[in-house]
Amino acid sequence: EMKTSKEREEESTKGNPRIRIGVFQPLTGAAAAGGRMTLEGIQLANHLFPEVLGKRVELVVIDNQSDRTEAVNAVRRLIQEEKVKAIIGSYGSSLSIAAGEIIKKEKMPAVGCSPTNPMVTLNNDYYFRVCFADPFQGTVMANYAVRDLGAQKAIIVQDEVQEYSLGLSRYFMEAFQESTGNEDSILGVYNYHSGQQDFSNILGEIKKNSGDVVFAPGNYIESALLIKQAREMGIQIPFLGGDTWEAPDFREIGGEAVEGVIFSSHFSEEAQVTRRTQLFLEEYEKKHQREANAFGALGFDAYLVLLDAIKRAGTDDSEKIRGALAETENFEGATGKITLDKNGDAQKSAVIMKVENKKLSYVTFVEAE
Amino acid sequence: MLEIKNLNVHYGGIHALRGIHIDIPENKIITLIGANGAGKSTTLRSIMGLTKSSEGSIQYQGESLLKYKTKDIVEKGIVLVPEGRRIFPNLTVEENLILGAYSRKDKAGIAKDMERVYELFPRLKERSWQKAGTMSGGEQQMLAVGRGLMSKPKLLMMDEPSLGLAPLLVKEIFSIIKEIHRQGVTILLIEQNAKASLEIADYGYVLETGSIVLEGKGKDLLTNEEVKKAYLGEAK
Amino acid sequence: MSILRADNITMKFGGLVAVSNFQMALQEGEIVGLIGPNGAGKTTAFNMITGVYTPTEGQIYFTEEIKDSQGNPSSHEINITQYRPDQITKLGVARTFQNIRLFKELSVLDNVIIANHLRIKSDVISSILRLPNYTREEKAMIEKSIHLLEEVGLEGVMHEKSSSLPYGKQRRLEIARALATNPKVLLLDEPAAGMNPKESLELMDFVGEIRDRFKLTIFMIEHHMQVVMGICERIFVLDHGVTIAQGTPSEIQNNEKVIEAYLGVD
Amino acid sequence: MASMTFQVFMQHLTNGISLGSLYALIAIGYTMVYGILRLINFAHGDIFMIGTYVAFYGVTLLALPWWLSFIVAIIFTCFFGMTVERAAYRPLRNSPKISVLISAIGVSFFIENLAIVVFGGRPKAFPIPPMFNKIINIGGVSIVSLTFYIPVITLLLLMGLVYFIHHTKTGMAMRAVSKDYEAARLMAIDVDKIISLTFGIGSLLAAVGGIMWGLKFPQLVPLMGVMPGLKCFIAAVIGGIGDIKGAVLGGFILGLGEIMLVALLPALTGYRDAFAFILLILILLVKPTGLMGQKLTEKV
Amino acid sequence: MKNTKRILNIISIIALIGLLFIFEQTFDSYKMRIVNLCGIYVILGLSLNLINGFTGLFSLGHAGFMAVGAYTAGLLTLSPAMKQMNFFMKPIVPFLAEVEWSFLPALIMAGLVTALIGFLIGAPALKLRDDYLAIATLGFGEIIRVVFTNTQSLTNGALGLKGLPTHTNIWWTWGIAFITILFMVFLIKGSYGKAFKAIREDEIAAEAMGISLFKHKVMAFTMGAFLAGVGGALLGNLLGTIDPNMFRFTLTFNILLIVVLGGIGSITGTVISAVVVTVAMEYLRVLDEAINLGFIRIEGIPGMRMVVFSLLLMIVILFYQNGLMGSNEFTWDWFLEKKFLKKSGKKEVKQ
């Protein structure tokens, strides 16, 4: 009802004082898996650290349905109707970018967990993120492909609907061309779109042009299907991708076919371990009885970074929180030490992972530049 | 055989039947005449359970029909050859006839009745393979009657079987009705062609705006002045 | 010169020849009948004349009166074979349907008003803005429609939904609607179907009346012989798409072929 | 294009055939329901999705052997389709067409959203029995064994169905119902039962199609039925809706066409989803009742 | 009587303006957005009702028309700087790069471009009937969406446009909604509107009455497209971001739903149902979120809102088959009569 929000607000200021933090994540739709994993991390952090400045932190969660318009609606609602003081989210760069306009206009501090596209924080003083951005991620993978796999020719397959995929492909391409010193080292760029299920035409092209690697960042669903169909067609070239492939669903859908694929991710317990990493891993496994993942960890960190900023700001005033967020330095999160640069991006290292025996195995570690 | 008492039917605001009484004894031809919109078709549709009545009773062999679905009523041996033929245009003539016997299980009996229909209407036999929808109006009418016979009715009701038929065919249809009756089927006939139907009917009812205004032996109605004036168009 | 003329028209549906080489000419002011067994092709002939079907072969001509700049009338024949139904109606050929086709959900009055629409001169914008040129026209349309309904004795049910009328009145309304298009030729497809003999005779008088009052030429399909013989001046007889006879009612009534194929012996 | 090798071409061809037969299978269900009720059953795609999910839960949650799970799914879906008909279409039997269509859309929304709540919005991986997943290499063309099964199953079902519709009394009754409910009732045909049966068969086909789909694209999401649903409807229309053989033809044309088009003209890849619609419109403009549809000029 | 009605008309217009004014003063921007959406859906509902309800053309391509309108207005109003930011994958076509129109001309242009597209689609497609027309128009709608996804230098492809100036406010939306209502009332009352209805009732008879099917169908279709384009433009400039995926056929279904719930062929019904449906959709959001009753906290289930919404929809369809209004309209006569009858007791009712 229209008035309940006001009532809720009153209630929150009356008895025990609360600070409301908005969370918008895709809980249904194509990106639901990532959104839910992230939310688990945020809620875990809220469960472990429920208070700041002596007030209870209340999470207001809205499902953005993996849809850009709904993402805008959700944020609008969080700000105007739910009167939150800060926002966390969203999984999926395109959803974050869409909401960015409102966040900027309403001067609402927001912390992204895993949206890696540069556009998320670009020209937006109110959007921060606790993960690295795609230029870094793309470069990491290109360098790995050239230096460690000895690739000279690459093929790119991208999701034309996802900023995430488009951006990552572009940075990969630039870095790959530079690394190989060959303008023609990219044999082809092929497009598909979210929701596509049959990739035979792209795979036909790949089969024709024998490259050394395929770089195919995208939603884990389409990526898994793509690789599965590639293997069915007898294509044995290594597939490389980005951090979305971390989701367990990627391995479930891909099955045998995704054995051996390589991708960049945000953290691995074998690479960088902090106090918080330990805490997160233990608590997560205790609560959910399954292996933790990077998205959960990033959600966990986003909450903690925000909480830390509120603490430093000493108030729940949104503008002050923003100021404090911008000054975040060497914050110890579950995914490593977090320093937010002038863009609002986290300066972080990346890890490279591989699928082996249906599990993720740690390959190597790349320091932030 | 069939007894209608105080039947009332409403279509939304229209009171189409206003408490009519009709009695159909076994082995007779009964006819229902009346102007357009008098409620003749509605009466037949009510008997078949296609139209819900608001009041009254319909007794068939001592049992109320109101609680039955159309399908069960057909299975009891009452068949309607509906207004406007309503044959299945996308089925062949033969398939239409087979469906007429849908409720029957006796294969031998069905085959026998099929022969009988083909005897009555040799044209149907000639065209048994033809899609019914491509046949001419008169042929379709024959098919509709033939299809009705296939369910082995005890009571055959026909709604304006001569509508839109050429004069020659009209005569043929009436002679076929007599023939069917001779084979032991009770008949309830609706006709605009009041003269022809009263001539073959044992008993007739005259319906006007939902009420029965006159009834009597077919021959008597034929000579009744009012009927003459209103329906036979003779007093001129 | 005849007002409407069919020159050897043929209609085939796949392998079926519904009408073959039909030849006909209507003189102004006549009432002409078209009879024949079921499926003979009568309605199909109407459908060709009114543009619902395009004949497989043959031509149809309509004589149009035009006034030159001095206002002197002259007439010339146009070939309407390829015209669409609405174009033919605009020229002045209106019809009714064998299975009544009223605008069921609309009122009786609206049914008739709509038939005036083809002569409208104002465009859609002036109708939305209700400019004077439109409102003037609209008023005239409504007046004319009410007048027509009075003529056919339907003024009392003007505001009823057309589908709620009894059958006989629906047939009258169809005729009124056809008249509202300002026709010169009126085609009636079984106007007496479903009427009892008395109603049929009333209808017969009515057709004669409107012919005189609206200066119409009438072409009529009918199975009620009393009606056909009573009112038609000439009759065409079709059988299996072929014209088997034509002539005056008495000639037709005594024509062997017609008796055999259609009328039967009494 | 010129550089396409024979192997790659064959690869595309087999792909096209298996996608085409999958489309055909689902299109038959559409066509049956449309043929009888004159209703675009927008929920067909969702019934398809339900079938796939049930098969999935049969294998994962109930740990049934895959074949048993598939049978359970097919039977369940059959009843599910009949329930949908009963709840959403039967009450509207005498209503204007558009109400029924809206009801179809409403039911489709409802099933989709309920599925999101019940099954979760998160995609699931469909378990593939090894026999469907064998990769066979024939002269450089590698083909998954599933590719052989799909057309065979489609053709078997097609033959069975054609026999049923044209040579049994129930089939005749179905065709009769499709033209005139009331006249069918007068033949002692239980119209509701026949329609229910039609839905049952349509849904059964949807379930088979859904399971095949799951085997080919092993990813389950609650909205998985929407696009295939729409495309298969188009396939049915292209073939001439209401005609079972037409649906199969349409399915093959669409599936094969879609794959071959983007394979031969990679520049048009982005327009792939429009292909079905463009083909549809072109065919309708040339042949307004589809390739095998009967010409139904209204008799005036 | 005529005077009374005129006075009543004026009073209600003033009341409407007053109401909007009060909304503007008291509502926060979130609620204002809902009020705006209501206005936009009134326009969209009416435009679809013109095609489907009044002319009987079963068209499901509305989302495509809205996309054309939204993109036209979006591209015309987007500032050159924002354009550059948006088109980072592929530069925008030069002729659009520097344009920046004000809202009114952009809206009109959106309508005109959409009308043109509507005309180009309608001319061939309107030969089809019933379900075939429905599926073909649905196809056209999807084709528009796919084309927009692929013409990157014109539409920025799948990434859509962001940062559109949010010109849309309640005066625009309800102002245009009001004009649309008047437009519809006068159109339908007039001779052309009657001709549309005749086509809906019976095409063959309408043609036999001299009504050119092609001309009138295309006319209705094009006018509907114009209004849909304007509605789409308002929506785009309200949301501030658009992308092709917004304009899927589910959007058409939502509008169709408004039309059917309101009553096919009823202007009043569409207006009422546009408001009811829009508000209900927002209201039901509560279901997705956790409900805190103080002592107990019920966790929200994502997706529950849509389940309840579609269930409500089904119930309405099944139990109110002709929609709220059937094909009836609100008129002062009806209003006065009802009031009058209430006062004067039973005797009058019987009469």
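Chains here go by letter, A, B, C, D and E, matching the order in which they are written, and residues are numbered from 1 within each.
Here, a contact is a pair of C-beta atoms (placed from the backbone, for glycine too) under 8 Å apart; a residue touches a chain by one contact, two chains touch by 3 or more.
Chain labels with UniProt names: B = Amino acid/amide ABC transporter ATP-binding protein 2, HAAT family; C = Amino acid/amide ABC transporter ATP-binding protein 1, HAAT family; D = Amino acid/amide ABC transporter membrane protein 1, HAAT family; E = Amino acid/amide ABC transporter membrane protein 2, HAAT family.
All values derive from a computational prediction rather than experimental measurement.
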Contacts common to chain A and chain B (chain labels): D
Where chain A and chain E overlap in contact partners, by chain label: D
Which of A-D and B-D has more C-beta contact pairs: A-D
For chain A paired with chain C, centre-to-centre distance based on mean C-alpha positions, whole Å: 74
Interchain centroid distance [CA atoms averaged], chain D/chain E, Å: 32
Chain centre separation (chain B, chain E; CA means) in Å: 51
Residues of chain C whose C-beta touches two or more other chains: 52, 97-98
Of all residues in chain E, the ones touching two or more other chains: 149, 204, 302-303
For chain D, residues that touch 2 or more chains besides their own: 116, 121, 270, 273, 300
In the complex with chain D, residue positions of chain B that touch it: 48, 50, 69-72, 74-75, 79-80, 82, 86-91, 95, 98-100, 102-103, 147, 151
Residue ranges of chain C touching chain E (in the complex, touch as defined): 50, 52, 84-87, 89-90, 94-95, 97, 101-106, 110, 113-120, 122, 124, 127-130, 134, 137-138, 141, 177-178, 180-181
Residues of chain D touching chain E in the complex: 34, 38, 40, 88, 91-92, 95-99, 101-103, 105-107, 109-110, 112-114, 116-117, 121, 230, 233-234, 237, 241, 270-271, 273-274, 276-278, 280-281, 284-285, 288-289, 298, 300
Chain E - residues contacting chain A, complex: 28-31, 33, 85, 88-89, 149, 157-160, 162-163, 239-241, 243, 245-246, 283, 285-286, 288-290, 292, 294, 300, 302-303
Contact set on chain B toward chain C in their complex: 14, 33, 35-37, 134-139, 160, 163-169, 171, 192-195, 229-234, 236
